[in-house]
Each structure stands twice: as structure tokens, then as C-alpha cells.
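Look at the two complexes coming up: chain A is in both, with chain B in one and chain C in the other.
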Partner chain A sequence: MRRVSAGRLGEKLAPYVLLAPFLFTLIVFFGYAFVRVVYFSFTNYDLFSKPEWVGLRNYLNIFRDPEFTRAMKNSLTFMVVVTAAQTMIALLLALFLNRKMRGIKFFRAAYYMPSVASSVVVTLIFIWFFQRRGVLNYVITRFQEYQVILALFVLLAAALQFVLVAWEKLRRRPVAIFEPSFLLLSLLVSFMIVFGLVRFGFILPREVAPVDIIWFNTTKTWPDFFGALAFPIPLGAIMLFNIWTTAPTFMLLYLAGLQDIPGELYEAAAVDGAEGWHMFWKITVPQLKPITFLVVTMGLIGTLQMFDQVAILGSQAPRSSTITLAYYIYTNLFPSSASPRVGMASAAAMFLALLTLVIVYAQRKVLGGENDA
Partner chain B sequence: MKRFCLALVMVLLVTSAAAAQQIRIGGHGGNDTIIVEEMIELFVRPALEGTGITVQYEPVADDYQRFIVNALSAGTAPDLFYMDIFWAGSLIRSGAVEPLNDYLEKSTVLKAEDFIPSLVDAFTVDGQVYGIPKDFNTLALFYNKDLFDYAGVEYPSNDDTWDTLYEKLEKVASIDPDIYGLALQPEFARFGALAYAAGFTPFNAEGKTDLSDPAFVDAFKWYTGMAETGVGVMPADISQGWGGGALASEQVAAALEGAWIIGALKGDAPNLQYGATLMPKHPETGQRGNLIFTVAWGMNAASPNKDAAFRVLEILTSEEVQQWVLERGLAIPSREALADNPYFQQDHAEAHANHVVFLGASDGNVLPYSFGTYGGDWMQPIDQALAAVMSKQATVEEALQQAQAQLDALMGR
Partner chain C sequence: MPDLQRRRWANAAAVYCFLLLLSILFMGPFLFAFLSSLKDNPTEWPPSLTVNQLRPANWAASYRLAKQGGGSGLWGGLAPGGSIDFEITYWTEEGREPAPPEVVIPKRVQGGAAAALSVEHWAADYVEVVGPYEISREPDQGGVLTTYSFTLVNKGDVPLKEVPMDLTVPMRQEFVSATLSPNRIERLGRTQSWNNVSSGLLPYVFSNYARVFRENYSVSTGKRLFLLWIRNSFFLAVTRVVTTLVFASMAGYALARLRFRGRNAVFGLLLFSMMIPQQVTFISNYLVLRDGVFGLSRLVGVPTLLNTYSGLIISGLVGASSVFIMKQFFERLPASLEESARIDGASTYTIFFRIFLPLAKPPLGALTILTFQGVWNEFFWPLVVITSPADKYPLTIGLLNLQRTYGAATFDWGPILAGTFISALPIIVLFIAFQQYFVEGISFSGNKE
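Moving on to the complex of A and B:
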């Protein structure tokens, strides 16, 4: 008898025992910390003297702080632009890498590299990219110099391809517009002609002043016609970079999703006479809806919590041009040479948590969760 | 079982008794680790023999300020620790740093009067001394002798005013379009010394900052004007991170830096023939300006072994330790008695440069490198204004107006 009940008890306890390590860390590092933050957000506290209850004053103060408003604007712009761009790029990359071709594994690994590398290290490299005399400005300068020549090369290749395809079509032979052998031939011939022209001085690279875009140390905003909605250029640089590092992770999710779509759907559609574009909108996109929901949700949360790249960029860019909500919290908790403002930081952290919750919930309403996919 | 428990208790007692006398010292990582460890080995351990006090150095590799704020509030801080003048004020006001007056009164070897007054003052709040300065730095004009020789221009000297220095730098800069006169960091930490020379003070009588002060505008125009005429260049524009890097690249003839540049030049440009001279005088006020960068030893108010910690502090700030540090060319001593040290009279560039930096602390309008409770937030608008003007994104007037608005917002907060 006893043995049986002990066994039952053990059975009942087992899941809790197995969950215990995780629950422990959750309660200590999340639950306890969360309760403390809620409490601190209503107090005036500098880490040393006793917290002093001030009611809602911290919440009022953060909204009066122009730096907070700027941080919120930066965070929201960052969220919209980066989430939209990384979702689209991830999908495109996944579509491209889902094809069967030689060496696809290499490309999959190569495209995934930016996400594997440490964010801190990559950010340091990226800072050098965006220097005034850095790689990016250099590449843009070169591009402007050779703009005409490049355009000529592309036009010539297109013309050659057109002539070759038209010739074949005239002779009533089946031929695709991008027939690979013709493409290779036209590119090669076009290259030789343009190279010859440049070599013998018929056309020369344009003389242009070196591009001198200041990416970091500037308070300028872009694009001009957006008025108050324009974002600071340094934030734009971080956006570019952040999209580049996060898109591959989401690409992986999309790739897994694509491989789950049954091939019969496409076959049936092909039988019904559907074209590529139609198949994409009517089959691929709806089938990927749960993945899109996941990607967008993770994107929203990740972008709202954007911190590391802003922190590493540090004093290279004016704070008002890069500050995000997460960084605002940090600067209040550890202000340079002033006493920590734990109350303000906690209030801002509570606000950020609430904002994230609301946005993700709204997104769920709009996109719909996995259930109704 | 009982015996085992007893033995365990004994062991615990013995170890805790020993630990009670262990003094933990917190400081920067990197080079400091080697220096302090060696200092402890050579001076502290022998002097403490037989007292039962042991010493352990705990270097912090990065973001030392955040470490010490966290450690002090959590009660895990070392007994003695570095305290930078830049943020010492807020730490002292928090009550986490032990006032040292009582200890200094009792001490026979350590007296606040033996230290350079401006350094001790920087760590004194309401008459209480909270930190014993361990060393300090000021700015000096470091120049590349070869470039001046090549251009046939006289070296910068202590008699130079802004005008005569400008002429010299202009001549050197005219050698080649890729050679510049002065490295112009867009930072108050360099430019500030010039503003002080012109008579600017960070906070006026009402405690506000006024960037429209003619002295400030004068210095601002002189400094940023050099970027416009090509006499100077921002280090970032020649792919260098700071003035020392720019000087080491030999593309720039001079830089305003402290004695920390000496070690960097030794590593990056060992064959560079350099000299150092005092900061140039303002042509009208005839004054030099300078910033004092200093780090002190502070004591943890919650330390369980304060007397032992003070004993260690006495050794760390003693004359022989400072002499040793100076002779190694590591830092400039904070003790006044070491001013006439024979080391400073030696005939080599390093000793000479150290002497110039030492003299910088007591010549003209010298202010500590700290900005009340605002700290880095106070400097940021000015740094931005400097960068905006020197990268031609704004005119002097626009930039200063914007900086003033930001400062007003900061101080109104």
C-alpha cells in the first residue's frame, strides 16, 4: 500500500522536480527581478541610500525628459524599418536558397555567417566600414566614377542578349529570355567591348569628388521630405547593419517553412495553369503564415530591445541620434559620473515592457496567430 | 562525527581569521595589473611582514566605474579602490567612501599636506578628504622633431602664444597636403585646456554654463579654424583614433596629450623623435590653461578592516613607491616633495616630457577634469559642436547655439 502511494506521489512530483532548475532561475532572475523593478519604478533610488517612495513621479518625469521622447521615436522607427526589411529580405533569401542547384549548401552557410558571428565583434568591424574614409564611402565613390561605364556594360549585354534571343525566335526555335549560354556570351562580348573602349581611352571614368558621407558623428536626418518622421543618419547606419546581421536567422526559419510546403500544391497549381508569381502569392505566402507570424513577433521584440550596437557605437555618434529605449534605461542606471537614477530607469523599463506587449498583441490581432493559419 | 564537526569548525575559524586581515585592492586591468602587482611584491608585502595582513589586487578589465558602483552598492567592493576624479564626486556623495581625516590625523607617515594641494582638493568634500591621489596627468604639446626640422621651423617652446604656435604649425603643414600641424580631437578633454587659457570656466557664478562667453568662442574659433585651413586635422579623418595615434603616424606634427602618450609612442613609433612643451599661452590673457586628470585611492566605507586598509594605503602612497613608479616612467607622482626629483632633470625625451606634464598642473588656469554631477553628459554637446564644425556640418554660431540648447536642457532636468 505504502509503496504504491509513494510511487504515485513520485509520479506527481516528477514534472516539478524536472522543471525545478528552470523554475528556480526563472523565479530568481526574472520573477524576483521583475517585482523589484516594479517597486523601484515608484521610488527614488540611487543604489546606496534607502529607496524613497515617490508614487507615479518617475513615470511623469520620463515623459517630460526630451531624451526619452527621442529614444522612443528612434526605437519605433527602428522597429518599423528593421522588422519590415529583415522579414522581406529573409523571405527572398530563403526562396533563393531553397532551389536545387550545385553548391547551394555553401551559399546557405555563407549567408548565415553574419548571424553566427559575435554581435560585438561584427559591430566593431562595421564601425570601420562606416568611417569617413572607410570602405563604404570608398565603394560609393568608385561606383559614381564608373557609373557610366557600368551602365554601358549592362545596356550592351542586354542588347546583345535581345538580338541573340530574337534571332533564335525568328528561326522559330524555343528559347528562354535568359538562355544561359546566350547570357554568358553577351556578358563576355559586352565586357570585351567596354574593356577595349576604356583601355584605348574612348570613354574614361568620371572625375568625382570623394564621397564624404559622415555616418556617425552627425545629427542630420534622412530622408528630408519625411519631415519629423525622418530618422537620424547614425540610426540609419545601425539599421542597415542590424538588418544584415538578423535577416539570415529568419531566413533559416523561412527555409524550414518552405521545405514543409507539400510539393503537390505546386504541382496541382501548375496543372491548373498557374504561373510563378501566382503560385508565390496564393501558395507560398499563405502556407508560410505561421512562420511569418513568428518572424515578425521575434523581429518586433528584438528591435524594441535594441541595445548592443548602440552601446558599442557609444560616443562615436551623438547620443540623441542613436539612443533607443533600452539604451535610455542603461544610461539612467549608469549615468556617466552621476548617481544612478534607478527609479527613472525602472519606470522606463516598465514602459518598454508594456509597449512591447501591446505591439506584439496588436500584431497578433492583425497577422493572426498560428491557430487560424 | 563529532570530532569531524569540531575540526570543520576549527578550519572555518582559522580561515576566516586569516581572511579578516586580507585587504583587497581594486583597480584597472591592462598595464595597471603588472605595475600594481609588482609594486605590491616589492614594497607592500615586505612592509607588512609579520602583521598578518595580506594584500590582493583585483583588476577590472573594462568599465571600471560601473564595476565599482555596483560592487559598492552590493557590498562586495574591495577595501581600497581607484577613484577617478571624473566620477569620484557622485560616489563620495553616496556615502560609500570612507572619510579619511581621522586616519590622517593619527598617521605618522601619511599627511594630506604632503600632496599637491589641487589634487587633494579635488577629492575633498566639506573639509573631509576622501581620496589620496596616487598620480596625475595634465596636457602638454607633444611634437614630432623631425617634421619641424624638415620644414626648417623652430620647435614649439614655452614662450609660444596661440599666434606664434599657429605660424609654426602652418609652416610645417605647408610641406605637403597630407601633413598637418595639429591633431584636433573633437573633445572638450583637449580643447577645454585652451578654453580655460582664454578665461572660460565651465560653470559661472549662477552655476550655469554659458557658451556665448567670448573666451569660449575665441578658443572654439581658434581650434576649429585650424581644421578649416588644413593646419590641423581630426585624427579620425586620417584613420586614427586619438592624438597619439595621429602623432605616431607622422602625418601630424603635434598633438595635445598627457604623459600617457609616452608609453603609446614607445610601442607604436619607437623611432619617433619627439619633444614636449607646455601648452601655448593665450595671446591676450598671457595665461596657459590645463585640465588635471587624476586618480586617487579611496577606502570602502563598509570595509571590515579599515585600519589594516589604511596601513596598506600608507605604503601605496609612500614616497619610495611614488619614486619607483616615476622612475619606471609610469605616472607622475602626486607628492609635492618629488617636484625637484633628479629624475626630472635627466637628459632624455621621456623624463623631459614627464617634467612638462608635471609643471602643467601649476601654471595658469588649471581645473580638474570633472563637471559636477553632469560628467560626460556635460561634455557631449560641446564635443558634438566641435565635430560638427570641424566636419563642416555646421557653422560656429549654429553649433554653439545647438550645444547651448542641449546644455540648458541638461541643467534644467
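Moving on to the complex of A and C:
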């Protein structure tokens, strides 16, 4: 009799036993931590003496701190630009890679490569890449030298492509505007013509002084006509390589989504006479809506937390040009030459948490649709 | 329609070409950075694709020179009594008398003052130069090519690891070629300089990589830091993978298949925690570790968990997203699985370990890869918890340290790039071997709805 009840008790406790380790981390390192940060945000505390209640003063103070507003602006700019760009690039890449070909897996892996390395690795490589006499400035220099020639090349290729496609259409054969084989042919022929022109001296590359863009150690902003909305150039550089590393991850999500779209939808549309673009907007985009929702949510949460790149750049870029909310919180907790301002850090942290929740909620309202649970 | 058939083939070929072109965009920066990590000067202008360290002639020469010097061809060295024959060719214009180069073995070591401290025997004190002798002279494009030969002999009774060499010639006598390409050409082309002519093949090609290991010593213990960092990262990653696999499957199973009070609350908190940035909760977590998890660690005699791996491991026992992935997986399994076992009187634990866990291989595989990658690449939390000594850093924080070491005055990019590639290597190998799991991991974590 006792054995049975002991067994029953064991059964009753089983879920909690199985959950115990997770509950421990969830409660101590999340629940308790969150509540405590809420509390800290209303206090004055330097990690050593007792916290002292100050009401809302920290919240008022962070908004008076120009560094905080700077950080908020940087974080929001970063969030908008990176999330938008990486989502679109991820979708385009996925569409391009969504074909049944031998060896396509190799290309998927190759494109995904930037995403497997750590933020430290990627950031260090890119700091080198963006040196004043670095690879990027060299590429830009060469680009400026060959600007006219490149323009000629592109125009020529476009003209050839147009002629080829028009010719096929006249012969009433099915052909797409960007028919790959035609495109390759146009590009090759155009390249050969332009190469010949340059080789025999009919047109020459311009003489250009080496481009000297300083990517990190600068307080300049770009683009000029944007006024107060322009972003600092170092932040722009971080955006560039951040997009480069995160887009492939989301590309994988889109690829999985594309493979789940039933082929009959396209077949039915084709029977109704729908064309490529029409199918894309009427079938692909709506079918991918849950994925887009997920990609955008993950993108928003991820970009709002951006910290590593700023910390790794450290003193190589001016603070005001790269500081983000996450970095602001960190530096208030561990300032290099002052006592820790836990209250300020916590208030900023609460602001970041709220901002994340509000933005994710808002985008759920806009994009969520039928997925609104 | 054979015509259209042909076009289909042409289209496929064209698509391959475009795929290849586009992969340059994604792989290019990595590949070029890797090439540059082998170079003597990764910031040369203009950046070039030719790398001395990748020329087979130099491979053969570095191997031969070290072998001839009595060391190992692969690892280098100049044994006592060993000698190295070296040849170098210069070009002088017609009418100028070519002069033999002045051969100097300088007291120099790669890596500056810190590395100089660890040198026991300077090649400059033991190596004697025999020569140089002129061995050939032939006309060439309005000038003459003159080749000189000389021999470096180790007269001491100790093996030498590093034999640097400088050759200097008068103005307007141009360097053309040498047995081994020089690492630097200085003083307007007059001085050709080698870091180590008896380096052996591997240290020659991977000289920046060797420097990363050789030049970073711990101040307190004298151990090689970079090896320690790699070991630390491995230890942390493996431990966290184990705790994550065990605890995430337990929690995921409980949340997915068991009914108990507070289940919805736990799941709600889990979802909420996935949305809150780490930088919010780390303030309290830092304090929790500082105070040894409410003083509990004092029971085992540890006053604080800061700067300990226990701290990192305890705070990262199991992540919310891992539990989420396991819960999603267990939820999709049919109910019949446990029903019959229940009738047979099996306990919850038996059902979990005997029936459910063996089925969970795919998500556990994905979770292994995801967790390993996550811990290996983790930056923010270790930066907060592990501040000193440098012996305890994981690799990511170590790299930051490396950047400070070599970036103090002017950037010495060779070792920094080399360090980043060493640290990325395990993940790249893992990725190539378990590609499928990476992809699955992404889509597992993606099924949120």
C-alpha cells in the first residue's frame, strides 16, 4: 500500500523533477533578474553600498543624457536598415537558390558560410577589410577608375539582351526578360567588346587618387541630404557586414518556406495565364507570410541587441558614432573611470526591453494577419 | 523542339555561372582574408592575390634549406655544424660593376620585445657567413644579371631555431630572385630581409599562425595563452552541450507531454524570456554570480562565481530556445506512444528515457551543433563574467585580447587574421561535416507558430 502511494507521489512530482534544472535557470537568471532590474531602475546603486530608492529619477536622467539619445537613435537606425535589408536580401537569395539542380547544396552552404563564424571573427576580418588602405577602399578606387567603362559595359549588355529577347519574341518563342543563357551571352559579348576597346586604347581608365574613406575613426554621417536622420559612417560599416552575416541565416528559413509551398498553386495560376511577377506577388509572398513574420521578429530582436561589434571596435571608432542601447547599458554598469551607475543602466535596460516588446507587438499587428494567436 | 532543349541546357549552365559569381560575394572576403593571413604584410597596397607563402618554389626552398641545415624539413632549425647554401641574383644596368651583397645576421626576432625575452640563443652569435662568391654573370635587357652564392654555418654547439638575415647592396642594383623570397624589401629596394631562412616548410607558410601561438604568453603562469584559450572554449562548449542536451530534453518533454499545475505559466515565461535582450537581465545575473548564487557557493568554499567556469556553466545550464525546440519536437509525436506504456504501468521516467528520448535523435543532433556553435561564438556574457586572468579567457575574449596586443601602436594584422582563422576553423569543419544539422537547427528553431 505504501509503495503505491510513494509511486503516485513520484508520478505527481515527475514533471517538476524533469523541469527542475530549466526552472532553476529560468527563475534565477531570468525571472528574478528581470524583477530585480525593474527594482534597480528605481534606485541609486553602485554595486557595493545599499540601493537607495529614487523613484523615477533614473528614467528622467537617461532622457537627459545626450549619450542615451544618441544610442537610441543609433539602435533604431540600425534596426530599421538592417532588418529591412537582410529580409529582402534573404528572400531574393532564397528565390535564386530555390531550384532543383545538381550541386545546389554546395552553393547553399557557400552562401551560408558567413553566418557560422562568430561576431568577433567577422568583425575583426571586417576591420581589416575597412582599413584606410584596405581592400574595400582599393575596390572603390578601382571602381572609380573604371566607372565609365563599367557603365558602357552594362549599357551594352542591356542593349544586347534587349535585342536577343526581342528577336526571340518576334519568332514567338517563350523567353523571359532575364533568360539566364541570353544574359550570360550578352555579358560575355559585351565584356569582350569593352575589353578590346580598353586593350587597344580606344578608352582608358581614369586616373584616380587612391580612395581614402575613413570607415571607423570618423564622426561624419551619411548621406548628407538626410540631415538629422543620416547615420554615422562607422555605424553604416557595421550595418554592411552585419547584413552580410545575417542574411544567409534567414535565407535558410525562406528556403524551407519556399519548399513548403504546394506546387499546385503555381500550376493552377499558370493555367489561368498568370506571369512570373504576378505569381510572385499573389502566391509566393502571401504563402511566405509566416516566415516573413518570423524573420522580421528575429531580425528586430537581434538588431536591437547589437553589442559585440561595438565592443570589438572599441576605441577604434568614436563612441558617439557607434554606441547602441546595449552598449550604453554595459558601459553604465562597467564605466571605465567612474563608479557603476546600476540605476541608470537598469532604467536603460527597462527601456530597451519595453522598446523590444512594443516593436515586436506592433510588427505583429502589421504583419501578423491570421497568425495572430 | 531540340532548339528549346538546347536552350534549357544553356540556361542551366548560365545559372551555374551566376551562382558561382554570387558565391564570390559571400566567400570572397573570407578567402581573401585567409590568403592575407599567410602574407608577410596583410595590409599591403595595392592588395594583391600573389602570396609568396603559396609559391611552390618557396615551399621547396624552405624545406630544402631546413633539411640541409640539419633540422627537420617541415619544422626547421639549424643544427650545430649545419650549413645553409643560399643564392641571390641582382640586375645592374650596363656599365655598372655589380657588387656582392653585404650579408648580416641581425639580432632580431619576430614579435618584438616580448618575443625577444624568450630567445635563448641568438643566431647572430653563432652563425658564420662564408662568401659571398660570384658564381655567374649573364647579359639581360640592357644590363647584367649577377648571381652570388654564400653559406651560413652554425659554429656553435646549440641548435638554432630562428636565423634572420639581411642582405644589402648599393643603390640601383636591383633584386631579382633568391633561393627563398625575402619577407621584406626595405630601404628603397637596397635591403632584402628574411625573418628566418631555416624556418622549415610549415613555419614558413604559416608564420603568422606560428606567431599567434609563440608570442602570447601568460604573465602569471608563462603558459602559451592561445592554446589555453582553445582548450577553454572546447571545455565550455562540450560541457554546455551536455547540460543542454540533458536538461532541454527533460524540460521539453515535461512541457510537451505532461499535464501539471503551472505548465502554462512556465511556458509563458519561457516565451517572454526569448524576447527580452540579454543586456537587460545581465545586470542582476552579474550580481548573482558575484555573490555566489545567493551565497550557496560558499558552502563549497567558493566566495564568488565571477571569473569561474562554474559561473558560466550554471548560468547557462539550458537555454530557453533549446527547451522550445525540444518541446516542439515532442509535441508532434503521436499520443499512442505513451498510452500503451502507461497501461503497462510504466512510470513517467521510464516512458521518457525508454520511449521518447531514443526518438529524439534528430533534434538532439541539431541542438548539439547549435549549442556548440553558440557557446564557441559567445561573446557578451563571457566578457562580463571572465575578466582576469587572461589564462581563463575563452577564445572569443582571447581574440579581443589579441587585437589589443597586436593593435597597440600600428596594426600588425598578420597574427590577428591568423588568430581569427584558427578560432573559426572548428566551426567551419563542424559546418562542412554536419551541414544538414545546421540547416535543420535553423528550421527547428524557426517553427514558432
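Rule of thumb we're sticking to: the second predicted complex is superposed on the first by the 304 of 373 C-alpha atoms of A that agree within 3 Å, B and C clash if a C-alpha of one lies under 4 Å from a C-alpha of the other, contacts with A are read in each partner's own complex, and residues count from 1 in each chain.
Definition applied: a residue touches a chain if its C-beta (ideal position, glycine included) is under 8 Å from a C-beta of that chain, and two chains touch if they have at least 3 such contacts.
Being a predicted model, the structure only gives us computed values, none of them experimental.
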Fit-or-clash call for chain B and chain C when the two complexes are aligned on chain A: clash
After lining up the shared chain so the two structures overlap, which partner does A:G201 touch, if you call chain B first and chain C second: first, second, both or neither? neither
After lining up the shared chain so the two structures overlap, which partner does A:T218 touch, if you call chain B first and chain C second: first, second, both or neither? first
Just chain B (first), just chain C (second), both, or neither: which does A:S181 touch? second
Between chain B and chain C, more residues of chain A are touched by C
Quick one: is A:L47 in contact with chain B, with chain C, with both, or with neither? Answer first, second, both or neither. both
Is A:R133 touching the first partner chain B, the second partner chain C, both, or neither of them? both
Kindly classify A:R319 by the partners it touches after superposition: chain B alone (first), chain C alone (second), both, or neither? first
Per the contact definition in the header, classify A:P335: touching chain B only (first), chain C only (second), both, or neither. first
Clashing chain C stretch [against chain B; choices 76-84, 166-174, 382-390 or 418-426]: 382-390
On chain A, which stretch or stretches are contacted by chain B in one complex as well as by chain C in the other? 47, 131, 133, 334
Residues of chain C defined as touching chain A within the complex: 4, 7, 10-19, 22-23, 26-27, 29-30, 32-33, 36, 42-43, 45-47, 243, 246-248, 250-251, 253-255, 258, 260, 263, 266, 269-270, 273, 275-288, 293, 315-318, 320, 323, 347-349, 352, 373, 376-380, 383-384, 396, 399-400, 403, 411, 413, 416-417, 420-421, 423-424, 427-428, 431-432, 435, 438-439, 442-443, 446, 448-449
What residues on chain A touch chain C, complex-wise? 7, 10-11, 14-16, 18-19, 21-26, 28-34, 36-37, 40, 47, 96-97, 99, 101, 103, 105, 107-114, 116-121, 124-126, 128-129, 131, 133-135, 138, 173-174, 179-181, 183-184, 210, 244, 248-249, 252-253, 256, 290-291, 294, 301, 304-305, 307-308, 311-312, 325-326, 329-330, 333-334, 342, 345-346, 349-350, 352-353, 356-357, 360, 371, 373
In the complex, chain A residues that touch chain B: 46-49, 65-66, 131-133, 214, 217-220, 315, 318-320, 334-340
Footprint of chain A on chain B - complex, ascending: 65-66, 69-70, 72-73, 86-87, 89-90, 93-96, 186, 236-239, 370-371, 373-377, 380, 383-384, 387-388, 391, 393, 402, 406, 409, 413
